[in-house]
């Protein structure tokens, strides 16, 4: 009963916080458009590169034409946009400027406000991402192979991918409690992510060893898995397995995060930030 | 002129002294340099696992281009970007007044004030990559190719500087300009690849709107001997054009700052 | 013998055109097409001259046009109308010889690099101003001596206190031995001791080098200590130009009577005191302070002495910052009439 009530009040918090964050985000409409250029450009560059490679090989690489690459990178744009976060870049500032200390006095875990800010940003950026996707589709003519079941399965897979990536980033952000050189740590994580998440290229094009590693690491489940699902490249069994692995990772990282958070807070209250 | 060179020298000496206090930045730059290089080499390896050329560029030629990209990035991050960010800060805080009351050309002063010496690591890494790529490619470039490369690289440097100065000058009218610099940075990333692979509209943008083509692709083409005399002349003209435009725009900016037009 | 003035302003005027912006998207969209603008007159026809070696206090409330005027004189702003000459140059041409002859110190902004010792920033200014090395060394050492900087200039500026930093800022802006100093709030935010030291330095410097100083400050103590002559502007127009004592005479409408009562004190409430003047003491101790109109001062003093057992009585001019406060508090129209009267 109490669990249910606390869930209800958390829902209330999310409703109010999302509303205010949306209002705040609205103030940065101009910055949003500029940010969009960066978000669209990266997949566009990879698309251009792979299309050029396909053209050099007589039109297709491993059976993938430039239209298949277009579908892949447009899907990648959307999935990446919906799963990315920036908490690890701001956490150091958050600790040092004393905002954390203030938030610790409130009877709610600080991760909730980060989730709300993230969602508010995404809700609003969708208004520019969707037109961008339509425009890119008109220009690059992606080859979609949608299937009803995989479209349906895509939604939970996307949600899990977001949860996994967000928890991972949030745990990574906690490094800021121990070092001031978080930028280097983030850069390192981002580089590994770039390779093993499928952001650089469809993972099937990677050398077999790397493909195997990509199945072991959590990054593929944050990006490539939902992309492959929506592109209709997976069997129903593979989809179910994938989601099971996602949930397994979420549970593992959640445990890790709780542990690190507890140690970090103990440290924080001992040295006083 | 000698006085001016001495002045630039004094600024650089101070900036180096200043940066030496932050040795940790050295390790940060080094790590980021190697990570970026890992991404570049990794993506080249994956792509050339499936093809032997990309829009006519061989793997080693593209590697040389990556090296040149690094040289140019190092130049920007060492000389251009820190000075221009400082200029923006000065406009915000009103401390540009100190610069404008100095008996020296203000454009020169704002262009040499900051100097992030650790980022020269990128230049060194870039040179190493270019040399490695050329060695692996086998036949060494001719003297003519090397001269054309050096000249186009220098012109590319002028173009990039002029472009950044123009962007920063906008701050005289519109205070919130940082976002525009973000656009440049994300578009500059596209210069890791030869602009020839991009769709025509994007290629035009990368040539004239954000002159990545002149900064990276043209010098790389010159090095591998794939640049025409006309392209060389065009680059020279572009450099002149960008430089003069930046100078005029800067002067207009300073005049607007002083309320001369009002 | 007439001395050629160093600074001359003739009907100097500055009008800013600012966009009028209403809130809301529609207004923003409309402003893209036709920008509505509004003119704000910051400086409205100011004229005065300053002779070599003078230290002049330049006063006015926030937004009076002080800084705008100063910026025009330093060559940072073009005037909208009128003319000015400093050291024989039109400032906004920014002739390099002109710039070598002036300096601008702003108390709220700093030019020294944050992370390096001030001495290194000094060297930079030597290079910028092309000061010959021998002369630079001499001036530098003199300034270090006068401002007592010897232990400070070798530390990174970020480690200095606000006052120490300001002293270094001042030294940095004087290395090229300018003959005209524009000091905009040089003591802003400093503690009383440091304010006093900076004041003493400015006076000594001006005497030693014959430099002309135009000083703005919110601290009247600065002005009292340094400036014989003050120029007051208000709402962009010149309100007063003359001796500080004359300013007090002209604008102070009241005097303060302080009195100490003797043994047998009759009880007097506020209303009883009001018959004499306005009580401005805090009522805590036995000293009573009354503000009375200047013209009736003598009469009131007489009445006080006649009716009350007074053991001590003094009459004072109203303190200068109170006078200035009163001047600044006047709305624009009052000043216009006052100007017409004088």
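When the chains are written out, they are named A, B and C in that same order, and each has its own residue count from 1.
The rule is short, and it goes like this: a residue touches a chain if its C-beta (ideal position, glycine included) is under 8 Å from a C-beta of that chain, and two chains touch if they have at least 3 such contacts.
Note that this is a predicted model, so its numbers are computed, not measured.
Asker: Classify the chain contact graph as line, ring, star, complete or other.
Answerer: line
Asker: Looking at mean CA positions, which chain is nearest the middle of everything shown?
Answerer: It is chain B that sits nearest the middle.
Asker: Could you put a whole-Å number on the gap between the CA centroids of chain A and chain B?
Answerer: That gives a centre separation of 31 Å.
Asker: If you average the CA atoms of chain B and of chain C, how many Å lie between those two points?
Answerer: 46
Asker: How many angstrom lie between the centres of chain A and chain C, each centre taken as the mean Cα position?
Answerer: That gives a centre separation of 57 Å.
Asker: Which parts of chain C, given as residue numbers and ranges, touch two or more other chains?
Answerer: As it turns out, chain C has no residue touching two or more other chains.
Asker: Applying the document's contact rule, which stretches of chain A touch chain B when the two form their complex?
Answerer: Interface residues on chain A, with respect to chain B: 30-31, 34-35, 37-38, 41-42, 44-45, 48-57, 61-62, 139, 181, 183-184, 187-188, 191, 194-195, 200-201, 205-207.
Asker: Give every residue of chain B touching chain C within the complex, in rising order.
Answerer: It comes out as residues 3, 6-7, 10-11, 14, 17-18, 21, 93-95, 97-98, 100-104, 109, 255, 258-260, 262.
Asker: Show which residues of chain B lie in contact with chain A when the two form their complex.
Answerer: 24, 27-28, 31-32, 35-36, 38-39, 42-43, 46-47, 49-55, 179-180, 182-183, 185-187, 189-190, 192-193, 197-199, 202
Asker: List the residues on chain C that touch chain B in their complex, please.
Answerer: 14-17, 71, 74-78, 80, 92, 94, 96-97, 99-100, 102-104, 106, 109-111, 113, 115-116, 120-121, 123-124, 127-130, 156
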